[in-house]
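Take this structure first; my questions come after.
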Amino acid sequence: MKNLKNYILQIADNNLILGQRLSELCGHGPSLETDIACTNIALDLLGQTRSYYQYAASLENDDVTEDDLAYQRTEREYKNVLLVEYPNKHFGYIIMRQFLFDVFHQLFLTELLSSKDEQLAAIARKGIKEANYHVSFSGDWIKRLGDGTQESHEKVQEALDALWSYTGELFDPSEYEKQLIEEGIAVNLEKIKPIYLERVSKLFAEATLTIPETKWFKKGGKQGVHTEHMGYILADLQYMQRTYPNMSW
Amino acid sequence: MKNLKNYILQIADNNLILGQRLSELCGHGPSLETDIACTNIALDLLGQTRSYYQYAASLENDDVTEDDLAYQRTEREYKNVLLVEYPNKHFGYIIMRQFLFDVFHQLFLTELLSSKDEQLAAIARKGIKEANYHVSFSGDWIKRLGDGTQESHEKVQEALDALWSYTGELFDPSEYEKQLIEEGIAVNLEKIKPIYLERVSKLFAEATLTIPETKWFKKGGKQGVHTEHMGYILADLQYMQRTYPNMSW
Amino acid sequence: MSDKEVKDLEKIFDQRIANDEKIEPRDWMPEKYRKTHIRQISQHAHSEIVGMLPEGNWITRAPSLRRKVALLAKVQDEAGHGLYLYSACETLGISREELYEQLHSGKAKYSSIFNYPTITWADIGAIGWLVDGAAIINQVPLCSTSFGPYARAMVRVCKEESFHQRQGFEIMMKLAKGTPEQKAMAQDALNRWWWPSLMMLGPTDSESVHTEQSMKWKLKRKTNDELRQQFIDQTVPQADLIGLTIPDQDLKFNEETGHYDFGEIDWDEFWQVVKGEGPCNKERLQTRVDAWENGAWVRDAAMAYAEKQENKKDDLKEAV
Amino acid sequence: MSDKEVKDLEKIFDQRIANDEKIEPRDWMPEKYRKTHIRQISQHAHSEIVGMLPEGNWITRAPSLRRKVALLAKVQDEAGHGLYLYSACETLGISREELYEQLHSGKAKYSSIFNYPTITWADIGAIGWLVDGAAIINQVPLCSTSFGPYARAMVRVCKEESFHQRQGFEIMMKLAKGTPEQKAMAQDALNRWWWPSLMMLGPTDSESVHTEQSMKWKLKRKTNDELRQQFIDQTVPQADLIGLTIPDQDLKFNEETGHYDFGEIDWDEFWQVVKGEGPCNKERLQTRVDAWENGAWVRDAAMAYAEKQENKKDDLKEAV
């Protein structure tokens, strides 16, 4: 049960933090249309977040709510991968972060459909259509930026160079994840990794982008060892709940 | 007593928030020497902040500490002027904000020396030497930037254009301030305003900078109506105290 | 065209409007009608876009997941409204770029209310309740305005605005019925947003330009002061219902007129904000300009990519 | 100069060092001595400057005013150390700009420990206690190194470092004696910083280059492994004192040697971080580069202003 709860939080935290990062953008996008599209993705991710946290909360005692899980943990208790914390330096980073996550997310949810845990499978069923849209949106933009102008090519290549070393962690199972893979509940990351690499490589080739050679990948998020950005994300995210504890909004 | 406490907080909050803004810079200055100098000013301001809060805390019951006053109020309870919240957009803004505050601060502390409140006069006595140094540091930089290169001139003029409308509030007494001015405790702002205008005008002329024509000045800080930056400043400032309440560090 | 011909066309045009017929983009219209509509519709579109910013300021700090999602969706709706309205405006022969240029240069205006800062969570409730409330009162009559694309856009906008207004009121109600701190937060927001909301309905009739012409074109059906009275009459009982106090000592129900009498509005503040010296005017505009300028390379890339794809298609055709 | 003459000078030079005389900037020195010192002193200076960043990350969030002021002062001290050390390095005939250029291009190294993130307040304690502790062990012998300016800079640095180390230990002690959450925070920081601190003392002797030459020039007095043992022997009892557990299952006092035996260091991680792939290498360097580039216009302005003032003086002289 503890493993399951940790696993749900791990999935949910990815969505929460990426949704939070995207929602910082709302009103600041490069065009109204992209602004609306990025907000849509944020809304999808936060919607899924709520389903996961509600499920995780149901595994605890009756007093625990989705908001307790979203807002009341300390930084070391969040289990999201480091990739989703990366700042919105410019639109190239935003889209690259999104694409690297979306391809994973689509494969992940597709596998989660056949989880032995019915609740997780049900959440995945709802999420997969959204993930399909996300990957097509971010993938299209990777092509536009990669094969657009010289400037856009350089900017999105710079983002790929910076972000690629964060992708290893997506496929690096935590201890509780390993056990749940054995039990047929968690997604077998080894299975989806080669498909991931194939898909992103194909699209990057089309977008005239080059994956940097990387010997060492960054990790730590699943163990709660985050980047220095995380503290600032949480300071804003938790501001109200921390400043006005135990109130209902 | 309530008026006095509010007045002390008003002074202290200016120092705290400006000190906080300056300390964001530490490690990011345009040169090691300016980095060290800005940190020095931040240290002076935060040191004074502590004296004020300790004094204000002593007016309450024994349980209240300087940290309660610094960290445990809500945004609407902080009384600093809006000027000190302005973000560190670039070094021109940092120095302009500093200079506009420092000239005021020096005049203010000089007057506070003769406050009927001995404790305030004592704090002013300690602070005045520091303020003298601050105004000479920021004034020198205003000259360098204003009369340096074309680029630096434009940048610091841009900062002056943006910040000038925040200076009116420095001389706009709050209700409790007015009463304390009557009682000879608070600084008579009308007295120092013309000297302020003369001093800054003289230095700006030397620095080849132009004060923008301004009919309306911004205010609200003394009444706790801050800029939208304030919430984010407090989210970081209060993070630890809010996340881990009632602990000693 | 001779002056006489133009006069005749104008007569027919006026008659069509009087008959409640819709004017469509391809129909003949007087130049002044076109210009006035470009000004008003774009101003309205700009208000939606700039209006995203004060509320957007609380998305990352919303106090619960439910509120966060609702707020994000609301701000997104405003982007959508901006999109409809810019499209309606473009049918009058002006490009989106030109419209943005007018906004960014300060030539075009947007609703002054968005130059106030959102400093507590309750401000999000107050904006939904009061600002959207006043907007609806301004906008409902526009659903049957004479220019077709504008009228149709307004039908969609108003539907969503009503939803937003209820949502805002619900936030306020929840706060007003919450802890003492929450109630104080709600009251404080009402105190700060009440007067600016009244100003949203425009300058008082004696100061207002354009009114007569706008009435004829159905860009306006009631005067500013009538709309303001309607807003007050509608809102005061809502405040009573949730136990909040309208910050106006002169506010009193007048049994004779059946309306609330109210205190004097600080028109000096109104003009200060309209003239660009409100608390956030500079920041709001700068934020829009920054978003646009920082996005230039992205828009250029999309254009360059589309061209490349087009060329590829052409090459393919030639090869066939 | 003939080879023979150089050899003679070298002999005298070596003798002076052996006699514990100080070498001063204007003295003759072998080119290799100069180069090695530029490398080591600048690396040391860069470490101070980059080292400001992980701790600087907590200044705005320090949990009390007292801690905030102390931390700010500490980070400022590091800037001061950087300043002394750059000055010492400049006496060897290299400019500050060149030194920065070496840092920014990745040619020069800085201490790898600063490529780990500070993710809780306890990390500030751990850095003071462990990282400054290890630094002191590295640095104390340098107070009597052969190159005068370096030795004198180190005297000042070491004095302040000891103060910082006590301050860090005091933060840890306070946490360890605080609430269970605080104690857990302290233990967690110790767990994360322990091994990187051991790595700070450099690669194990068999992997270490430069050692022999450095010993001769008194840039080194003990081997890396000896220093590491000294650090461990000194630190373990301190951890015991405040009730924290060193995260090493193999750690055990060896009655025979009088030292602590300890577990194996993950040298793979060490080389990963040294080679630029640690958690924060890219961010740290980018932050320094950004600060430098964003400051260019400020430095240019200061220069231009100084020139103008100089010209004015000259004009004045001519006029007289």
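To keep things simple, chains are lettered A, B, C and D as they appear, and every chain counts its residues starting from 1.
Everything below uses one rule, namely that contacts are C-beta pairs under 8 Å (C-beta built on N, C-alpha and C of every residue); 3 or more make two chains touch, one makes a residue touch a chain.
Note that the structure is a prediction, hence the values are computed from the model and not measured.
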Mutual neighbours - chains that touch subunit B and subunit C alike: A
Higher-contact pair (C-beta pairs counted), A-D versus A-C: A-C
Identity of the chain that, by mean CA position, is farthest from subunit B: A
CA centroid of subunit B to CA centroid of subunit D, Å: 35
Distance from subunit D to subunit C - Cα centre to Cα centre, in angstrom: 58
Per-residue overlap in subunit D, given as positions that touch at least 2 other chains: 61, 181
Multi-chain contact sites of subunit B, meaning residues that touch two or more partners: 74, 231, 235-236, 239
Touch-based graph of the chains, sorted into line, ring, star, complete or other: other
Pairs of chains in contact (touch as defined earlier), listed by label: A-B, A-C, A-D, B-C, B-D
Interface residues, subunit C side, partner subunit A - complex: 49, 52-53, 56, 59-69, 72-73, 75-76, 79-80, 82-83, 86, 121, 171, 174-175, 178-179, 181-182, 287, 290-291, 294-306, 308
Subunit C - residues contacting subunit B, complex: 54, 57, 61, 117-120, 181, 188, 192, 272, 277, 279-280, 282-283
Parts of subunit A lying in touch with subunit C, wherever the complex brings them together: 20, 23-24, 26-36, 39-40, 42-43, 46-47, 49-50, 53, 66-67, 70-71, 90-91, 143-145, 147-149, 151-152, 155, 236-237, 239-241, 244, 247-249
Touch list for subunit A against partner subunit D, complex: 74-76, 162, 165, 214-216, 218, 220, 225-228, 230-231, 235
Residues of subunit B that touch subunit A when the two form their complex: 74, 231-232, 234-236, 238-239, 242-243, 245
